[in-house]
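Lettered A, B, C, D, E and F in written order, each chain numbered from 1.
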Amino acid sequence: MATVRQPANPEADLRVKAVFDVIRATRKTDFVNNLWRSLAFDPALLESTWSEVKRVMATPSHVDPLTKEMIYIAVSVANACSYCVHSHTSAARAKGMTEAQHAELLAIVALAAKTNQLATGLQVPLDPVFDANASS
Amino acid sequence: MATVRQPANPEADLRVKAVFDVIRATRKTDFVNNLWRSLAFDPALLESTWSEVKRVMATPSHVDPLTKEMIYIAVSVANACSYCVHSHTSAARAKGMTEAQHAELLAIVALAAKTNQLATGLQVPLDPVFDANASS
Amino acid sequence: MATVRQPANPEADLRVKAVFDVIRATRKTDFVNNLWRSLAFDPALLESTWSEVKRVMATPSHVDPLTKEMIYIAVSVANACSYCVHSHTSAARAKGMTEAQHAELLAIVALAAKTNQLATGLQVPLDPVFDANASS
Amino acid sequence: MATVRQPANPEADLRVKAVFDVIRATRKTDFVNNLWRSLAFDPALLESTWSEVKRVMATPSHVDPLTKEMIYIAVSVANACSYCVHSHTSAARAKGMTEAQHAELLAIVALAAKTNQLATGLQVPLDPVFDANASS
Amino acid sequence: MATVRQPANPEADLRVKAVFDVIRATRKTDFVNNLWRSLAFDPALLESTWSEVKRVMATPSHVDPLTKEMIYIAVSVANACSYCVHSHTSAARAKGMTEAQHAELLAIVALAAKTNQLATGLQVPLDPVFDANASS
Amino acid sequence: MATVRQPANPEADLRVKAVFDVIRATRKTDFVNNLWRSLAFDPALLESTWSEVKRVMATPSHVDPLTKEMIYIAVSVANACSYCVHSHTSAARAKGMTEAQHAELLAIVALAAKTNQLATGLQVPLDPVFDANASS
């Protein structure tokens, strides 16, 4: 059940086809998952979203690809996005995440959420040493 | 301003002193930050919290220490925990996070939150291929 | 699957029937959706909830009805309430939301979540000019 | 720093004065905290909010007053509302919450947030026995 | 659909069997729910999670068992954890939560979330009297 | 207190200066608020963020500018982003939001958060009529 109707034949729209072609080439697979098929209801939103995902996640940079996916999963869990947890866990596995790393990722996310509650519940005062402008 | 009073002389309680000693030894610094000083109002909660932080974050494992801190920051940002964002950004810097990596981390967290909203707003149906029980 | 049992014949309870009658009259339809059927397990909670929804959402005011629904969707997405995203997207469509407006709404919610993370991750200091008490 | 200007003399508005009088009588104190002073910028919003707080929190019912406050704190921590954590921790103390109970409350909130992440990260399937419609 | 495969015969692992045995003994039932069956993919994570749940939730303390469950539900609702809302509502019922108490719990959680938004939207300034260090 | 150091003279970097110039031209003011000054620590992140804000928020479209700001505030409140609540409330006022509209916005956000909790707490089953694929 969804809030927008996925176009039956999305690639009849040439803008959609162009994005799907890049998704397939970037990921080296014919499979285009439902997030993109749903976003196809608005080609401009599809284009801008994919373009950012490709730039941030699929461009060589200072953070390695698996770490990026693990950070993505962490945020998706914290935001309770079921679809995103599934899709990025799948992506992390494809990039080599082991079961042991997956268990550790969940342990870190769980611990962070736990100490987040403690710090917020206690309203812990900031330590001056944390100030970026002070740490020269 | 805080919701509990930090003990004026927390290490008068020997259980608190024991935890603070391990914190200082683990981190190789005399500094004990306010989260632990606030938790000292309940030594049992202090002990169990520190014990988990040490086990998950400060034990050699399958995820490297800097990646752990970046995941911790990601969750703390998603949960809007100001104290935690400050303390773990500081910790990540101490473990070598560069400005470029920091900027990338923020870009990934921001992008993940963005696509979390899109997937939730569209109520995108799960792709069967994501099922861990199917991917054999 | 639900955490409370929907009453099999909710309108046997006259307080429930009275609320359902007003829902049908306000919305000009015989359909009463599951939120209200579930709330019927506690007539007082049903009455107070519907009464507030009617007052805030269905009374002519300074914000037009479609804008109200779009704000409601935005909050429901941010809170990851699947049921609410579905029900209010449906309501917004009934009040004239076009596909283009729906796509824009999602783009705004996604962008806001993104910059929320950036501001929280950076712990951006407040600009004094934002103070309502200063802007005289 | 605030987003609305608190009226300098809020009780010059008789609707505001009427609400403040009931707040003082209900709480047996002359002190009216800033939430109500800020809400005074819109007397109708002030009235409806206070009326619900009084009905839910200050009317004898099936949940005892201290438990109510502890639940309120739990939600406020989860929602990262600094003001609310402060005001309801203060209220819970006034209703007898001990330091030991406060520490336990924080431990439960922290544990719940932790297992919330685990269940969401694992996308644990629902057990059929949890269905309220099945448990007859 | 899940992100990890539940072991087909989890108790073949003796660490898993030991935890499941304690779960069954603590709860006086043969039923072990899916959270634990999913966590069995990593015995160390299973052990540490159950050990904390048992210590915080199933040890006699200063907060009664039903209140603990109600607080747990409140956090799980705020964090939109569907599985947790189901499992802890079921647990609260087993500990005696009546329909009237359930309705009140939901009313308090809903009200708290509502006033959390108002306080955050208004950016209400903290009242100095809330400071734990001031209230001597 | 912040997690990154704002460059002392940000416009010495020509990419930063170019963005600040467009911000000033778009908003017809010399004032550049702290979010952009903090983002200046990473010119690429500054450019991509501003570019999206300008495209979504400052381009004539199917949603009027004030409604856009009100939706932005709603999300920022739900995500507990103090800085964003301040900056977008200020922006909404500059675009004509009256006190009455502000009060209504807060009432809608508060009500939505409230019914979000009720629907999540009750785990209300989806009504088939909400399915976008069914509503032909």
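Quick note on the criterion: contacts are C-beta pairs under 8 Å (C-beta built on N, C-alpha and C of every residue); 3 or more make two chains touch, one makes a residue touch a chain.
This one's a predicted model, so the numbers in the text were calculated from it and none came from an experiment.
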If every chain is reduced to the average of its C-alpha atoms, which one ends up farthest from subunit F?
E
Find the chain most remote from subunit B, comparing centres computed as mean CA coordinates.
C
Looking only at residue numbers at the subunit D/subunit F interface, is the share used by both copies over half or under half? Answer same or different.
different
Mind checking the centre-to-centre distance between subunit A and subunit F? Centres are C-alpha means, answer in whole Å.
20
Subunit A and subunit C, separation of their C-alpha mean positions in angstrom
27
Whole-Å distance, C-alpha centre of subunit E to that of subunit F, is 33
Which parts of subunit D, given as residue numbers and ranges, touch two or more other chains?
1-4, 45, 48-49, 52, 75, 77-82, 85-86, 89-90, 100, 105-107, 109-111, 113-118, 120-123, 126, 130, 132
Answer with line, ring, star, complete or other to describe the graph linking chains that touch.
complete
Of subunit F, residues touching subunit B in the complex:
1, 3-4, 41-42, 44-45, 48-49, 75, 79-81
Subunit B to subunit C touching residues, read off their complex
73, 77-78, 80, 82, 85-86, 89, 105-106, 109-111, 113-118, 120-123
Flag every residue of subunit A that touches subunit B in the complex, lowest number first.
1-4, 31, 33-35, 38-39, 45, 49, 52-53, 56-57, 61-63, 67-68, 70-72, 74-79, 81-84, 86-90, 93, 98, 100-101, 104-105, 107-109, 111-116, 118-127, 129-130, 132, 135
Subunit B to subunit E touching residues, read off their complex
1-6, 48, 52, 55, 126, 128, 130-133
Quick check: in the complex, which residue numbers of subunit A touch subunit E?
80, 85-86, 89-90, 99-100, 102-103, 106-107, 110, 117
